[in-house]
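Shared between the two complexes below is chain A, which has chain B as its partner in the first and chain C in the second.
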Partner chain A sequence: MKNGISILLSRIATPTRVGPRDFIVVAVLAAVAFAVPYFAGTYQQEVGFRILQLGALAAAWNIAAGYTGLVSLGSAAFFGIGVYTMAIASNAGLPIALCVLLAAVMAGLFALIVSPALFRLRGLYFTVGTLALAEAMRIFVVNSPWFGGQAGIFLTARAPKAYDLYWIALLIAVFVVVCVLLLLRSRWSYRMQAVRDDEDVASQLGVRTYRTKLWAFGLSGALIAIVGSIQALNQGIVQPNGGFGMSWTIDIVSVAIIGGMGTKVGPWVGAVFIVLLGEFLIQFPEIHLAVVGVVLVLVIRFMPNGIWGTLTLALQKNRNFS
Partner chain B sequence: MNSIDPVGLANTVLGGALLGGLIALSAVGLSLVLGVMKLVNLMHGQIVVLGAYVAFYLAAFWGISPLLALPIVFVLGFAFTAPVQRFILAPVAKHGEEAGLLTTFALAIILENLFIRFFSGDSRSLDTAFSRETLAIGPINLPTIYLIGFAISLTVCLAVWMLVTRTSFGRSLRASSEDPISAAIVGIHVSRVRWGTFALNGGLASMGGVLIALCFSFTPSSGSEYLLTAFAIIVLGGLGNIMGTFVGGIALGVIQSLGAYFMGDGYRTFVGLVMLIILLAIAPNGILKRRRSL
Partner chain C sequence: MTAVLQLESITKSYGGVRALDSLSLHVAPGEVLGVIGPNGAGKSTLIGVIGGALTPNSGTVTFDGRDISKLSSADRARLGIGRTYQIPRPFTRMTVADNVRLAATNSGHHISQRELEPFVAGILERLGLTPFAEEVAGKLPLLRRKRLELARALALKPRVLLLDEIGAGLVRSETEELIAIIQSLRTEVESMVLIEHVMDVISQCCDRTAVLDFGKMVTVDETPKVLADPVVASLYLGSVAESADTVVVDEGKRAAIRASLTSLVSAPNTAPGTPLLTVDDVWVRYGGLNALKGVSLSVNPGECIALLGANGAGKTTMARSLAGAVPLTSGTISFAGKSIAGLRPDEVTALGIAQCMEGRKIFGTLSIEENLIAGGLDARKHVKAERLEAVYSIFPILKQRRKNSGTALSGGQQQMLAIGRALMSAPTLLVFDEISLGLSPIAVDEVYEALGAIRDSGVSMIVVEQSVDRALGLADRAMVLGQGEITLEGKPAELLADARLLSSYLG
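The block that comes next holds the complex of A and B.
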C-alpha cells in the first residue's frame, strides 16, 4: 500500500547511516542533560521531564509509524498498559525496575495477542483498528471490576522527587534513542522500510512481513509502555481516562508529525516544540490543544516531512548545488 | 441477572433495533466519503457532536424543537463542511491518503477543544415534548422518540439512496468512486463531486447527531465514540451500500443492546468496538474490496 508521506519520506529515511558519531552526539547531549538538575529549579526539571517523556513516546511511535508504515492511533492502549502494570505491580511490592520491565513485557504480549487481527488490516484500516482497540481498552478498564473503575488505583510507593523523575526519564530517553539507533544499524530497519514502502513487493522479495511488523509494533509498544510506567510514578494515582486517554495518542502523533516522521531527530525536535508551546499557552489548555491542531494541519500541508525532515532536505539540496 | 426475562429481552432487542436504525443516519455519510474520497474521516464524530450542539442552542435560544430544527441543522452542517473539504482537505490529497487521515485527525482535535472552550465540558441533552413518553405494544414498552428517530433516519437514508442511484449527481458520485481518472476523462467534475459528497456527509452527520442527542446525553468529547460506532455500522453494512448501512445500524443496535443487557450498561460501546475489530480482522476483503453496487 503506497502512501504519499512514506514516498516523500523514503528519500530521507532510507539512507539513514548510523555511525559512531551518532552515539557520541547522544552521549554528549545526555551528559549535558544529566547536569541540568544541578543548576536548574524544579520548574525546569518538570519541563525537562515532559520533553523527555514526549520525545521518548514519539520516538517509540516512530519505529512503527515512521519506519514501518504502521500508523497507529492506539498508542494510548500501550501507554495505559504501562501505567496500570506499574500501579498493580508496585503495589504488590515488586521493585520499581522490575515493574518497568514487566510493563514492557505486558505491552509486548498485548501486541502479540492483537497482531493477528490488526495485521490483516492495511493502511487506513489499520489506523482505524488501532483507534478502536485503544477505546475498547479504555472502556474495558473503566467497567471491569479488577482495575478500580473510574476512581483508579493509588500507588503505595513513595512519590519520587522531581530530579529523580527527571533522571529516570533521561535514562529511559537515552535507552529509547539507543534502541532506535541500534535498530537503524541492523537489517531489521531495511526490512521495516521495505514493508513500509510496499508490503507486497517486500513479501515477494522474501521479507517475512508479518514478523517484521510484529517486531516493530511490539518494540514500539513496549517502549511506550515503559514511558507509561514512569508516568504512573509521576502521578501517584492511575485512572482509565488518564492512562488510556486519547490525549496521549494526540500528543504522540502531533509531536512525531510536527518534528518529522521517519527521522531520528524529528521526535525530539517535535517534543521541544510542543512542550514549549504548551508552556507558552499554559493559561488556556483548550486553546493550546486547538493551536496544536492548527499547527498539525499546517505542517501536514506545507511541510509533510516535519520540521527536521524539511531542514534535512533543504541542507541536502544546498550541499548538492554548492 | 440470573434468569432471563423474555419480555425484558424482547424490549431490549426491539429498542436496540430502533436505536440502531436511528444511529445509522450518522453513519451513512461516512461510508460515502470513504467510497468517493478514499478518506477515513476522523472528524466525523465531531461533526455529529456539532449537529447536536446546533440543535441544542437553537432550542435554547429560539425554542425551536429539535425535530423541526433538522433541516436547519442539515444546511448548517453542509455549509460548515463544504469549505473544510475545499480549502483544507483537497490540497493535502496529493500527499497521499495518510495525509488526509491525519489532517482530519488534527481537525477533530481542533473542533473538540473549541467545543470545550465555547460550549463548556458539561453533559447536555435534547428534550422534546415526547422525550419521556413510551409506546406500549402488548407487554413491550418502547420510547416514542426511538420510533420517531427510526422513521426519520429511514426516510433520509431512502432519500440518500435515491440521490445516489437515481440522479445525475449520484451517477457522477458512483463513477468518481469507481475510477476517478476515467470519470474525469468522460467529463465528470471529480473535485466538485468530492466536495459535494463531503458536504452532504457533513449535513447528514449533523442530523444524525440531533437524533442521537434526543436519546443520549452528549459532551464535547463524545466525538470519538460516535466515529467508532459509525465505523462499526458501515463495516457491518458493507462499504458504500446505503441501505446496507441502515441494516448494519439495526444489527449493531441489537448487538450493543444485548451486550448492555447481559454485561451491564457500561459495556454497550465496548461490545460494538470488539465487534468492529473482529469484523475487520475476519472480513478484511469484504471491506477492502469495494462493493460495486452502490
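The block that comes next holds the complex of A and C.
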C-alpha cells in the first residue's frame, strides 16, 4: 500500500558514484572552513557551528532514511543518548575524546537492542515506531532517578570557546561526510538501496536484510549521538526536553528533506538554508517556524528530490529514473 | 542418486485456505522439473516455500541433504537457490549492471573486486543485456526485465534455479528465445524448477512435470506422459490438449447468459451506419518516447476488434488512452459522436466505455460483491441489484463466494470478476486488455467462452491480446500494432492466411 513515505522514497534517485574527486572536494571545502575562525567573528563561528551541526545530523539521518529507507523519527533518542553520555562520562572524569567515542558506542548498542522489535515494522509503521521510541526514552529519562530528572545534569567540564566548538564540529562534520562517502563506495551502498527499494527481492538475492538495516540504523544513530555529545559541551547543562526533545527530530527531517533526501550534498545544502533563514528571521521566531513549515510543504509538493536533488536532475536531464 | 531438493509433506495455509496440502516433491540432479496446474493451485506458493520467502506451517525442505527449513531466504540464496519472480521485480532505480552486481556480491561465493566486473559483464552478455548495462532498470521493457530477472538469479551462481512463469506475457518469438536460454542453462545450473502456463516451454524444457491442484499433487511423471494424461487435460489443459474433444457447448446455459446480458449492455445511440468509436491520428508520448504514432481506427456498433502486437507495440497505451487514463499528445477520439479527449476516466465510463484492465486490478480490500458494485456506482439502486443478479447468473461462482475478498479467488475467477465489474456499468463498448495473461489454458477457455457470449449480445468490443489464435477466433476484424503504428488490418481469416502477420508480429 502506498503511503506518503513510500512515495517520497520512490522519488529518490540512485546516488551517483563516489570517486576520488568527491574526497578532494571535501578536503578543499574543509580547508576553507578550517580557516573561518581566523577572519570571522564569534557570531559567524556560532552560525558556522549550527550549520555544521545540523548538516552532520541530517547527513547521518540520511544514511538510514535516504539510502536504506528506514525513515526514522527517533533521531532525538540517539541525540539524547549522545548528550547524556557526554554529561555523565565527562563528569566522571573521562577525557572528552573518549566520551565522544562512548556516545557512539552507546547509540550503537541502543540500535542493536531496539532493532528486533523495530525491524518487525516496515514503512510508515517503522516511522511511527521510532517516534514512540524517542518519546518513551524522554519520559524514561525524566522519571528515572539516575539522570537528574527535569532539572538535568550540569557539566563540570570547562565550557569550550566558540572557535573550539566550531573546529570540533568541523572535525565531526568531515568525519560524517567521509563515513557517508566510504559507505557509498562500498558494496553496502547497493545492499542498502536494495533493502530500501524491495526488501523481499533483496533477500532473495542473498542480501541479509536485517544485518544491512542494523548497520545503517546503528551507524546513523551513532553519528547522531556523536553530534549530540558535542551539543552537551556547548550547552554546559543537559535536560530531557533539550536532549531528547522532538525539535531535534523535526529539524533533522526538515533539513534533509529540503536539501534532498538520499543525496550526498542535500543535507548540507538544507542545513545552510535552514540556519541562514533562521538568522535572517532572528527577530521573528514565530514567523521563522511558519516559513520553514511552508517551505517544507512546498518542497515536498514541487521538489520532492529537495533543493540539491532537483538541481542535479535539472543539470542532467537524461538521467531519467522511474 | 539423491535428490538435490526434497520437499517433505509441506503444508502452507493462508487463513482457512490451504495453498499447499502436505505436498512432497523431489528434484533430481541435472533435472528440469515443470510445475503446472490451474490458477490458485499453489504453484507460486511452492516457489516461495523453496526460496524461503514463505514459511510453511509444517513439513521440511531439504537441499543437498541439509534441512534448510529454518534458513532465511538470503541464506538459501547464498547456498545456491536462485529464483525469479512471475512479475519481474528489478530494482528500477539501479542500472541493469548494478542489479546484477548486487546479486554477484551477495552470493555465497566470495568475489573480489577484480573478478566482479568480468563476471557481471559475462552474465549480461549471455542474456543479451550488454547494450543496456548502464541503463536504469526501470526503463526496460518486459522481455528485458525478464532477462534481467534471470541474469540476477544467475549472478548468485545458483545450483538450483526456480523460475516462476518466466514465459508469461511474451509473444511467440520471445518465448522461443527464452526456451533457447533455458536450454543453454542446463549445463551450468544443476537443476531447475519451472512454473509455467506456456505449454511450449514445459514440453521443450522439462524432463518431468508435476501437476498441482488445490495444493495437492495430481501427478508427476515424464513430461510427454503428463501432457497426454486425460486427467490433466480435463483439469488444466482444456482445449489445448489434443486428446480433449471439441468443447461441448451447453445451449441452455448460453441462452440464459444471453438473457442476462440484455440488462448489462446498452445499445449505442448513434445514427445507423456511423461508427461507434473513431480514433483519428492519435499520438501519445511518454517522456521522450512515442508510444503511439498516429493511430487511426474505428469500431462499428456491435463489432469486435482484436488489437494484436508484440510487447511494447503500444497496445496497452491504446487501451488506456481510450479510458482517458493517458493524455493524448495529439489526435482525437470520438465516441458516439462526442469527443472524449481530455475527459477523466470516470467521465469516459459514464459515456459507456468500460475497461477490463491488464492485470485484473481487483480491489483486495473489498468483497466480490463490493468489487462488482464498484463497477456501476452511478446506477440507481434497483438497476444495480438487477445488474448484479445478471452478472451472477453469468458467473455463478461469483455469487457463491460473494462475501469473500476479491483477491481470494483464483486467477481465472478474478478475471471473471473483472469482466463482471466492467459489465456493471452497462457499457456500449468494452475494452479487454490482456485478458488471458497468466491464466491456465482451461481458465482461458472459460474466459473466452464468456467473451463469446458477450460479443453475441451485440455490444462493441476491443480485445487487446498476446494470444493471437484466441483473439482471432473471437474478432470480426483485427489490427496489428507495431512500434506504435497499425501495421496490418483485416478479417481474421485473411490475417491468418497472410504471412506478413507473423513477420510483423514477431517484429
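FYI, the second predicted complex is superposed on the first by the 303 of 322 C-alpha atoms of A that agree within 3 Å, B and C clash if a C-alpha of one lies under 4 Å from a C-alpha of the other, contacts with A are read in each partner's own complex, and residues count from 1 in each chain.
Going forward, a contact is a pair of C-beta atoms (placed from the backbone, for glycine too) under 8 Å apart; a residue touches a chain by one contact, two chains touch by 3 or more.
In this text the structure is predicted, and so the values were computed from the model without any measurement.
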If you count the residues of chain A that each partner touches, which comes out higher, chain B or chain C? B
Just to be sure I read the superposition right, which of the two partners does A:Gly41 touch: chain B = first, chain C = second, or both, or neither? neither
With the two structures laid over each other on chain A, which partner does A:Gln204 touch: chain B (first), chain C (second), both, or neither? second
Touching partner for A:Pro145 - first (chain B), second (chain C), both, neither: neither
Can A:Pro20 be said to touch chain B (first), chain C (second), both, or neither? neither
Could you tell me if A:Arg187 is touching chain B, chain C, both of them or neither one (first, second, both, neither)? second
Touching chain A in the complex, chain C uses residues 51-53, 72-75, 77-78, 83, 85, 89, 91-95, 98, 101-103, 105-108, 136, 138-139, 152, 155-156, 287
Over in the complex, which chain A residues touch chain B? Could you list them? 2-8, 71, 73, 114, 116-118, 120-125, 127-129, 131-133, 135-136, 139-140, 142-143, 246, 250, 253-254, 257, 286-287, 289-290, 292-294, 296-297, 300-301, 304
Considering only the defined contacts, which chain B positions touch chain A in the complex? 38, 40, 42, 88, 91-92, 94-99, 101-103, 105-110, 112-114, 116-117, 224-225, 227-228, 231-232, 264, 266-267, 269-270, 273-274, 276-278, 280-281, 284, 287-288
Residues of chain A that touch chain C when the two form their complex: 12-14, 187, 190-191, 193-194, 197-198, 200-209, 319-322
